[in-house]
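The following blocks contain the structures, represented as structure tokens.
Shared between the two complexes below is chain A, which pairs with chain B and chain C, respectively.
Right after this comes the complex of A and B.
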């Protein structure tokens, strides 16, 4: 009996030591969320807002390639994945406002910044209080990440701790994603009005 | 009985220590052949080829002597990183111990023939790394040192994420032949 008790206490001691070593090495990942911006959540087609600004996502388009017409030539920009183009309207609620930190989040916790293609970029400006004005963002993602995408938009300041942010569900489920991918045009032209 | 158990444990620990301990990393960078995949922590990198010549890069670029290395880069992190961030983890090593950074303004990312400045998660990008060369220099081969990105807390804030500096350890070195006289 006493041998059994001794064996069990050894096992418990080793398990506790292993747990202590694991705890010592664990990185406090959650800490970085303490000062993250404060998000208001909403859905495509509805007004989502906070004290600082409001947005309404009007339309989400998906394209396999974007074309851009210049005076002399037409440039085609194909993507190995997909372009996701989000059209929205933004209104400031207090004072002139510049949006920033725009990104598309998707399945698996992945977060995509704007596409980074010099030839195709979205369009934003300065937004004045109480006026709705248009904006657009172009993202580029792999084909299998379209379902469940959300648009996150915040203030433009570099350090945005505890600032205002909106988090808009773009309303794309698995079936709609498959449909959009199947119909994704290869000659998409960015809308400017 | 107890003494023999203690003896076995002691010998096991001693042997483990003598062979480098548990979870040991190789102390020297791995020498990797071109085309093999290197894991930098944040990026998986496949160095494809190298060429020199009087190359013109970008609309406003000059056609002067350059070394251009192509690498296929996959971002395995959970957010987008600029091509510039990737470049800060790669150096050329013309002589042992001498490191040369790639040119930040001429190096670029390429997706199906179009330029990009971002490397998005799970969307592989072909990065062209550019080093300006003196007019008469035509190296036969080039060695690239790829540094290991480290995951941890930032020095000045409580943000936790990936970073690489000029003192980060080199995780792999790739030596590849250089094709001379390239025109594009």
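Right after this comes the complex of A and C.
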């Protein structure tokens, strides 16, 4: 009996130690998941908002190359994949608001930040309560990742735990993605208004 | 003939012994084996068995059980104290972090035409400049350009320094806030300087928004926002 009790005690001790090790590894992941930004979901063309800000995506363009006209020359910026240009309007709902953490997510779970190319940057500013103002974001993704893309936009603070976020379905299915890729221009000019 | 050096006597003739048996005599042997006859011993040296020592098995088991129960009670009490204590410590730590990230606001309302003191400087709102155009090329649709005239008089050099880091907002009663842009010369200690604060606010709220100015102060214990709200 004593040997049985001792064996059971050892098994319980080993199980508890294994559980402690698992919890030690799982807790940070769980904590970060609990503190994820709180997303409001919507579709292209509709107003998606929360108590901090609202967003309406007006149109989505796709380009194989973007041209930029300077005073002396015209610069062409080609992409090995695709440029996805998202035009939207943003309104603050409370205080002056600066958007941030913008990214494009795809069906495969991959997430793309804004294109880091200095010549083809988007346009954002400070947004005030009760006034809609235009904005644009330029992303660069592989061609086979266009279908099912979603725009995610949050607040600009570095630590964005539990902050407000919008998640907008850009409405690009497989058929529309193939159509957009086939018609992607090589001389796209970013719109400024 | 052999000679035992410890015996000091000639050894008797006998068969050769195992050499390992030929150990020396223990010189302290008398302390181990009391040579005295039993009747001549010191009575104080004769001890009696402790009547409490030879416990029965039931008594020992009962005592062990009582000890385990006491230990369990102490452990449970420690758990009851430590578990809430850990939660309280975590909560206090999180509260301090949150307070530093978003410091508490301490505002004072200044009556119309009165002077308020903030950050070693006197502040006074003179009113709205109605001569400026209500709209400009950058004014959003539905907005009105507003310009408020403000006087500041730093009381000392610290007041000048604080005045340069002041934040300006326009507020309505529903909690909305719009950015105020200060325009004017740098303030000088001991002198009254006139400046303007401009902003674009909804046309419907142009007569109800209030000017709020804020300064952030940081101490060893944390940071806080102190401000003035001008009624007009």
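Keep in mind that, in the parts below, the second predicted complex is superposed on the first by the 162 of 193 C-alpha atoms of A that agree within 3 Å, B and C clash if a C-alpha of one lies under 4 Å from a C-alpha of the other, contacts with A are read in each partner's own complex, and residues count from 1 in each chain.
Keep this in mind: a contact is a pair of C-beta atoms (placed from the backbone, for glycine too) under 8 Å apart; a residue touches a chain by one contact, two chains touch by 3 or more.
What you see is a predicted model; the values in this text were computed from it and never measured.
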When chain B and chain C are modelled together on chain A, clash or fit: fit
Broader residue contact with chain A after superposition on the shared chain, chain B or chain C: B
Contacts of A:80 with chain B and chain C, given as first, second, both or neither: first
Touching partner for A:9 - first (chain B), second (chain C), both, neither: neither
Chain B versus chain C as contact partner of A:140, first or second or both or neither: first
Which of chain B and chain C A:111 touches, first, second, both or neither: first
Contacts of A:125 with chain B and chain C, given as first, second, both or neither: neither
Touched partner set for A:46, first chain B, second chain C, both or neither: neither
Nearest-approach distance, in Å, of chain C Cα atoms to those of chain B in the combined model: 13
Shared chain A contacts, counted only where both chain B and chain C touch the same residue: none
Complex contacts: residues of chain A adjacent to chain B: 27-29, 31-32, 34-35, 77-81, 103, 108-119, 140-142, 145
Interface residues, chain C side, partner chain A - complex: 101, 140-143, 169, 175-179, 200, 202
In the complex, chain B residues that touch chain A: 78-80, 82, 109, 111-118, 120-124, 151-153, 158-161
Touching residues on chain A, where the partner in the complex is chain C: 94-96, 126, 128-133, 159
